[in-house]
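Below is one structure, written out as structure tokens; comments come after it.
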Amino acid sequence: MNIFKVARSIVTGMGITLKYFLNHKKTLCTIQYPREKDLIPARHRGIHYLETEKCVMCWKCSDICPVDCIYIEGVRGADGPLPGGYRGQKATLSKFTVDYTVCIFCGLCEEPCPPKCIWLGPEFDYHSTDRTMMEKNLLTDEVYTESDEVFVEWARGENDRLQEEKKKKKEAEKAAKAAEKAAAAAAEAEKTTEEAPADAGEQGPDSEGEAAE
Amino acid sequence: MNLAVFTTFLGQAGQAIEEKVIEKGIVDFAADYSTKWDGGGEGGLFLAGAVRWLVETYTVPDWVPLSSVINGTLGAETFPELGGLLITIGMVFGFVNIFAIGAVWSERKVSAHMQCRLGPMEVGPHGLLQTVADGLKLLTKEDIIPRLADKTLFAIAPAVVFAGVLMRFVPLPFGDQLIASDLDLGLFFVAAVGAVEVLGVIMAGWASNNKWSLFATIRTATQMVSYEIPIGIAFVTVILCCGSFSLVDVVNMQGGTLTDIDGEAHNGWAWHWNLFRNPFMLILAITYFIASLAECKRAPFDLPEAESELVSGFHTEYTGMRFALFFLAEYAAMYLVAAVAVVLFLGGWWSGIYWVDEIGMGTDTWLASWLDGVLGPTLTAVLGVLIKVKVFLTKAFILVFIQMWVRWTLPRVRLDQMMYVCWKVLLPASLVCLIGSCLWELATGGASFFGFGIVVK
Amino acid sequence: MARLEIGQIIAVLKEKLPEAVSEEVLDGVDPVIVVKAEQWAAVAELCRDDSRLGFDLLSCITGVDYPEREEGAEIEVIYNLDSTANLHELTVKVKLPRSDPRVASVEGTWATADWHERETYDLVGVIFEGHHNLVRILCADDWVGHPLRKDYEPPDSFHGIKNVIY
Amino acid sequence: MTEAKIRTEEMLLNMGPQHPSTHGVFRVVVRTDGELILESQSHIGYLHRCFEKCAEGNNYLQVVPYTDRMDYLCAMMNNWGYAASIEKLTGIEVPERAEYIRVIVAELNRVASHLLAFGTYGLDIGAITPFLYAFRDRERILKIFEKLCGQRLNYSYVRIGGVTFDMTDEILSDIEAFCDYFDPKIIDEYDNLLSYNGIFISRTANVGVIPADLAISYGVTGPSLRGSGVPRDLRRDAPYGIYDRLEFDVPVGSGEMGQVGDCWDRYMVRMREMRQSIRLVRQAIKDIPDGPFCDKKAFRGVKPKAGETYKKVEGARGEVGFYVVSDGTNIPYRVKARAPSFCNISILDKLTSMSDVMLADLVAIIGSLDIVLGEVDR
């Protein structure tokens, strides 16, 4: 190749870099990150936020999640029978976490939410030296810690107990009704001398349940 | 050592120096006690003299083990130049280190500004201390030697590389009279000792027991051995024109008060630099600069450490201080080739303006006389020395900047292209320049481009 | 050299190799022809070399496992052919038995089939006869099973690395 | 000394999986004689996560984020390829506005991807500064994307039935500003800095020459194929979206600096494609109609009837194809992705055995093929 052509191209290239070197104040395109921060656009998909008071605990977000990283536990129901739980709309939540070792920030969880209460916010620098610390508790906006786990464990038990109680209550009611019926039937049976069918068929749990995950 | 003894020792020494200085005056004191750093007398360094005087006067106290041996071998009688040596080594080593720190910082800044970035900004103002912090980090890093490496070679290779570069600083002037040792065969020494560095690199690459390092080693060997030829021819041409191997002589022929063949004195200006001595010198300077880029493994000839091919090549396996030594050596070599270029072609410490050059030289120019009147002769002498140092360093630093500029602009050449550039472009070009310069000197009777022949003062 | 409709393509194929095309599915989203496994190598050669067809680019090889299908045609290998000159395309299917899915390799016809066939072997377990180096390409060499078979069960651990299911 | 007495040894060199010039976790085992490569053997799969298996466990909508992660440098085209295949399968009509938005984002994404290819290619050859310039300009595009869909790389923006967010006027003016900033001035600067640099040309011209027939046989597509002089561009040859309404040229390699199909040609096709992409973006911005940006029903979930289809789009690296088999449920029965890089890199072993390739040339060839390992391994 022509040596002068090469030389000319080299000089052209060096001219460009020199131009940048001399105008470096004008051409500067970086910022000093921790002190200056770039504008985060409104649609930025960062760390999740949850407006707990709106949540209806429908599991739509955890269902749509392609990597299944949203964990929800709690009790459904308008009165919120779980003491110490986080009150949502028609639900009391004990756990609503996102595991950021798994999350891929696709934003699919935002869309199906009926009250639009879960959204990905502008925060992106979630960091930790420990993998177990990468789970965020959306109810408190903090890291999901062991004490949270203790509460969730307790709530799980409490939930079971409440359901059990409810069931028992219902059963008792049913039994009472059945007994009443039986009594009535017995009263009738006395006439017909037939045994009353004592059936306390179990009714499915109506609206409360434990988070599937 | 006992602290009390030490303080007394220092106190006595200080007192003694003070007495001597009062007795003789600072200039004479320095002149007396420094041979190496003081050729002209007035520009000598006080410190050099002081240390030398200390070594000559004081002996190691008896309670120190082996004191008799030390006094016998290193004492004033057997080794009278120890003080000067220590100072010289200290100065050169210190300069290399400080230069490397500054050069790494400025390389980062230069590259950053060329790339629309800011570069280091955190440690110190504008990140000035970043390199120091990095150096400290390297010092505290674990020294890893691969299990299958040749441990001895691996350990000494960085030292060999660094020594190879540092030794080349010996005949290199930093300014008028500021020279570790003005060797008669200075240029020859520079060229010859350069081979030690190649040896060290080969040792490092081979001992690492890493195939990539081995590639780098072979590349280094081919590259540095090849490129020594155009560099050697550039040296030979300058030596032929100037008639001396000494770097000081070469510089002295490019500025200041010049003496021609007839013994007539001329004022030296910028156009008396070797660069403009004849048209061939200009081409030769360019070939020397390109070859010197290859010699110190800088882009576009950074094949031995090509990070996208060999992943830093021969020092892949090195960590910590051993790696830092390679790093220091690289930057020291950068300065070295630039300084040699300044000596050979760019008039050394001569600023190119006759009046400025003559400050403190004892000649009677208007500027010098005026300064004499304002500052007095001693300060003018010191000022003259400082200006020359400054001029020399500025020229060298500009060349170093060009090296960086080239690195941050150009892609890397391939091995065969590198050899092509050396053997088919630079070698013929420099040979033509050699022959051309010889013919020019013959035709003009030793006269330079501007009409008069210059002989060594 | 012109763009051919699917009917014309089939006609050309039938003209040269009347027995090869066993089935034509033209009512789907993409028209598909099914080729007998033993004839596939010849069809491939024809597809590439016939100037009217000129299928010089093999876009994609897909292996699909249908365990519920009738015996002998559970595994489909789908070849998407493309012509850079004629700008038409063709989807060719070869149906293979699940117990021993073997089909001739076409790496001699289209060099790109080399890696595609290795991938199909790796993930679906189709054996391409005549392939010069039919080894796993995406999974590790000592991986067990073919992940895209519908009855594939992922191992609990691989060389001590646990299979964590979130 | 007779020749028999000189004993040379061949060296087996392992390049990768961690090597700066393999652009990811790609491993080439090369047998070298000195610097000269005699033979190479590529090994892939270090990044394999079986996207196709993941797709069988998720519904049609949930697969979209997985396609992002195949070719993460031009995720828009992967999204589009997947969405287009499902749309073809279900017969969903995409709103006009969404088609225009798709062209705009896909072409911008192509520019971003080619910028990265340009920058890293400079880096492979040894020039570091172009890389930073390329990243500076790519950053502008990523900022626009971030504004548009909230992410910088894994957009999941183009979805079955349209796009996730509407294009606002502010973003359109941002894009226009970028086009004006970028098109003649900056690309010319790149050309002067790197493309026509003598050292760069000597490193890339006549290196890794792929003849056209070999390229087609190896399934090489996209800029790498066009570099060999084959004017195949799916946007023109098999138009999808609204590409048949827009004007653009298909740059092909012509062997300006050496032989047709060398590294320089492949590189230069990308540089010229960037100009064409900006041209397309400008046209699309000019004509963009008002209207809905998505098919709301399709967005809630799709359930194609049983069937199968293959749909291909022109990605930044070549033909992005999706073979989708539906069994009538809302979960795909089989999704097969045809990744362009997978085919493009398969030619590497042939190239090294075909001609004299030096170690530095291998780096140049891999760089000029512009592979993304997320896509090769899927």
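So that you can tell them apart, the chains are marked A, B, C and D in the order they are listed, and the count of residues begins at 1 in each.
Quick note on the criterion: a residue touches a chain if its C-beta (ideal position, glycine included) is under 8 Å from a C-beta of that chain, and two chains touch if they have at least 3 such contacts.
All figures in this text were calculated on a predicted structure; none of them were measured in a lab.
Counting C-beta pairs in contact across A-D and across A-B shows that the higher total falls to A-D.
When each chain is reduced to the average of its Cα atoms, B sits farthest from subunit D.
Comparing chain C-alpha centroids with the centroid of the full set of protein C-alpha atoms picks out D as the closest. The distance from the centre of subunit A to the centre of subunit D, each centre being the mean of the chain's C-alpha atoms, comes to 35 Å.
For the pair subunit A and subunit C, the distance between mean C-alpha positions equals 43 Å.
Centroid to centroid, with C-alpha atoms defining each point, subunit A and subunit B lie 66 Å apart.
The distance from the centre of subunit B to the centre of subunit D, with each centre set as the mean of the Cα atoms, comes to 50 Å.
Residue positions of subunit A with contacts to 2 or more other chains are 10, 13, 16-17, 29. With touch defined as above, residues shared between interfaces to two or more other chains in subunit D number as follows: 129, 136, 193-194, 197, 199, 202. Within subunit C, no positions touching two or more other chains are listed. The touching residues of subunit A, counted against subunit B in their complex, run 3, 10, 13-14, 16-18, 20-21, 24, 27-30, 32.
Within the complex formed with subunit A, the residues of subunit D that make contact are 54, 58, 61-66, 68-69, 129, 136, 139, 146-151, 154, 156, 164-165, 189, 192-194, 196-199, 201-202, 299-300.
Of all residues in subunit A, those touching subunit D in their complex are 1, 5-7, 9-10, 12-13, 16-17, 29, 41, 43-45, 64-66, 104-108, 111-112, 120. Within the complex formed with subunit D, the residues of subunit B that make contact are 111, 114-117, 211-212, 215, 218, 299-300, 302-303, 306-309, 311, 408-417. Interface of subunit B with subunit A (complex): residues 110, 112-118, 121, 405-406, 408-410, 425.
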